[in-house]
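Below, chain A partners chain B and then partners chain C, in two separate complexes.
What follows is the complex of A and B.
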């Protein structure tokens, strides 16, 4: 079960799109998984043949659970026939699916990237994880680490602790059925916890709030935010947008979000430090630019799926990608890569007249760019005062990863890009 | 096309975009985007559907004249056909 966000603890398998024996290619959708936030289409990350499906539809499993075994093409066929070594080949030649390459999130689970044999040696665990495990009498050897080379993090121990807690509370809840309890007493009992036993998605609204709560609380707890803001003259971009849209049929019209996202992507090319993660006390700048775009859901809550590589798209391609992403987000059909690969988040709250957005960074990302409403404002230039459409762009930066100067360079680059919209 | 028919089409599109809403309860001079929580993406979809259903091609510069139900009915009754 892949971690599909900083806030995901378990996932429920909705359906398999493949069966044992099927040949799969990197990027194929092999399963649909329901998280607290949405149904997500799971892509496979390696070419191979489906060998075994280990989780049944309807089952809810913790992040990190092996869901299927995919035999990769790398296994030489001849070796397969060497019967004596069969078991060994199986271990070495299979990769657990849902391995997510260059995992963007600390929680993204790489179920033992090394073969099982590698676990026999010293158990790799962070000091805090060891302490937690000792406190809760958890056997580290029985845990599957989510860190590099299977290193066990404190979060792994915590999920083991809470899983154990749920088990015991389920047992406790099950016990009374054997000794009939008078109805009156039963009614006086506090309602059983909605989390234990029941799948989290039963109350979708509450689940989505919990997911956002977990990610945002972690952000505020761990990330020392700094904020910068600048006012950007939008007259050139709006004029360009208007003339571009005049040339287009209604269906092909471009929304203002498109030049904004594109300008952010190009500005990140100039200041790459803001594009990446803070994981393991280390700033990890990412080469590909994937912009998580905050999309609100009608029922409440929001999801920030990623637009992959907007810097490489034309404005029309970007508009298509955005439309597709918003439509699928609201229909609950997102792909796993879109949930995990965002390297920065953009949020635009301009639709309803907000002037300035002070964003909360989505961990483990290191920056969030906010746009308010484009408003006509007094603007002085060359000693002349006039009125211009102006947007306030803000940057929330992780001070562990970057300093204000980098942030300032980014906003300056963003401003310059929006003054030359035809080059977007 | 009668005003009632146009209204029917508008409501049908709004229900598709905001399924949980009841557009027939909109007051004639209520701001539709605010009342039904319609963002710029939904708004674009609204105009795309309107074009498909009524064949009316509304330029972006006219969006500002289409904030309420009564404004829409006025605008569309002139521009349809």
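What follows is the complex of A and C.
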């Protein structure tokens, strides 16, 4: 059971999308899981064959529970058998030496490590492997450890990291990178539909409130926020948007959120420190930019699923992705990566007439960008006073990770990007 | 290497300890040596041989066979302004003076509200491997490292045997020096002008990237030999010499653990409640997220030291065992 949010403790399996014997490849959706917030589609991180499904639909299990066994093709049984044999030979060889030297002590000198009684199904990973996995956003549950009892070591995580790096660079056709780059999912989703076999009405609103309460309480408890705000002249962007939309059919029209998100993504390219996490007392800047976009739900509450890699998308692709994301969020059909991989959050409350947003950072992220309403305001420029559409952009920054100076540079970059909308 | 060697000379660990004492006796007239058979007999391990001829019976004093008495006398002399070096034949006999060491030496500074410090050096032989059986072969340095108020030094190299004594004599508080009797005949090279060395840091004796072996005293050389063999198989072990068991220089071994992510501790003491247990616990407490495998330990078998040669060898940490455990730790998953 993957952790699909900072405060997720358990998840309920709604349905399996695969059965034993099915061949799966990285990125396939294999299950639907109900969390406190929404029903989430679970992606698989490895290519392989489904060997065993261990959790039944309807069952609620703690995060970290093994839900299914997928046998990767790279690791046949033969390797394990050979390894076991080698170990046996080693022990026997030692025994022989010991027998010549000191028969009575042989048993004492070679302590046998008996398995301890523990919770079955727990992921056994070394502390260092866990740290590496967290740093590289690798899901340990999707890894197969090479230890004698399937324990996951750092080398297993490292090979998963390099495998992910290879795969994504292959797909992107770009230079190989060390970090896994989560890619924008290209394939079209099936039309949204209510989840089949969904368990009887969960009290979603209460659950969502609890999840928000936990995350926000943790944020205000742990994160020393600093706030910066700036007023941005939106006349160029709005003008550009208007002329762009004239070229498009109603269905294809671009919303203001698109240039805002794109400008944030490009500004983050200039000030990467704001794009990342604060975990284990360390600032962990992320290479890929995944923007969590606050989407309010009709039944109340909000979810901030991630738009993966907006910096790499064209304006139209971004609009498509945003529309898709909003539809699926409201239908409760989000993917696990969209729930877990946001590296920063953008919240726009302009539609509701709010002028300025003072955001609360979503841990473990280190920044939140807020946009208020675009309003006509008096604006002095070059000694002339005029009326301009103006938006107030705010930055809530985690002072452990960055200082006001970097935050100011970000807002400056954001402003510059919005003055050159054609380059978005 | 050959360039530096003309400034080097070869000597045994025994000679290095003797030279350190001779140097101290010459430099500071408050220094004197006291213990069983240290004078006319030259010391039961011949460490103080020749010193009585050079410094006379006033400063190289034979004592009755009563550890409690002469350690107590050493405390008194130290309180009175002298810089005594008390030799106890082996750590096993130091237990007869345990009351003096624990209840007096280690506590006076505290009990006197900081008025009386005890600048006393107690040297003793320790360790097994010489077929001296269960009452003369134990390694209790880790056991003494349990006690606050004293420093515990375990010089392994000729350089430390030569250099730690003077620094210890400079220390205002009691210092215990454990000389592993198996090392006395070991030869090593020392710069001609070798002098004092620090007594509060561990040393990386061999750099490596795959695993850290932490050891001290005579076991250090088993670890280094094992590391050489393992190197031929492509496993590069880092070897750390703790040098001082109290206070522990944890920075050095924590840093090393953070580099290699795997740690094996080789300790001649018994496993339960040993210094290796302490080192292991600190790594777990302070470098938990650096560990890619459980910390392993190779200690002496938990039996009174056997007399029979093959049994004694089997009871002590052995190089072959170190190699075997390291292989398992490094290759268990790959």
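Descriptive notes on the structure:
Here, the second predicted complex is superposed on the first by the 298 of 424 C-alpha atoms of A that agree within 3 Å, B and C clash if a C-alpha of one lies under 4 Å from a C-alpha of the other, contacts with A are read in each partner's own complex, and residues count from 1 in each chain.
We take it that a residue touches a chain if its C-beta (ideal position, glycine included) is under 8 Å from a C-beta of that chain, and two chains touch if they have at least 3 such contacts.
Just so it is clear, the structure is predicted and the values come from calculations on it, not from any experiment.
When the two structures are aligned on the shared chain, A:282 is found in touch with neither chain B nor chain C. Within the superposed three-chain model, A:146 lies in touch with chain C and out of touch with chain B [touch as defined at top].
In the superposition on chain A, A:221 makes contact with neither chain B nor chain C. In the superposed model, A:247 lies in contact with neither chain B nor chain C. Look at A:154: by the touch rule set out above, it reaches chain C but stays clear of chain B. With both structures placed on the common chain, the touch criterion links A:129 to chain C but leaves chain B unconnected.
Looking at the superposition, the partner that touches the larger set of chain A residues, chain B or chain C, turns out to be C. For chain A in complex with chain B, the residues that touch the partner chain are 242, 245-246, 249-251, 253, 255-257, 296, 298-299, 322-323, 326, 351-352.
Across the interface of their complex, chain A is touched by residues 18-20, 33-34, 37, 39-41, 44, 47-48, 51, 57-61 of chain B. Against chain A, in their complex, chain C makes its touches with residues 261, 288-293, 301-303, 310-311, 313-315, 320-321, 324, 327-328, 332-334.
Residue ranges on chain A touching chain C, taken from their complex, read 87, 90, 94, 97-98, 101-102, 104-105, 108-109, 126-131, 145-148, 151, 153-156, 280.
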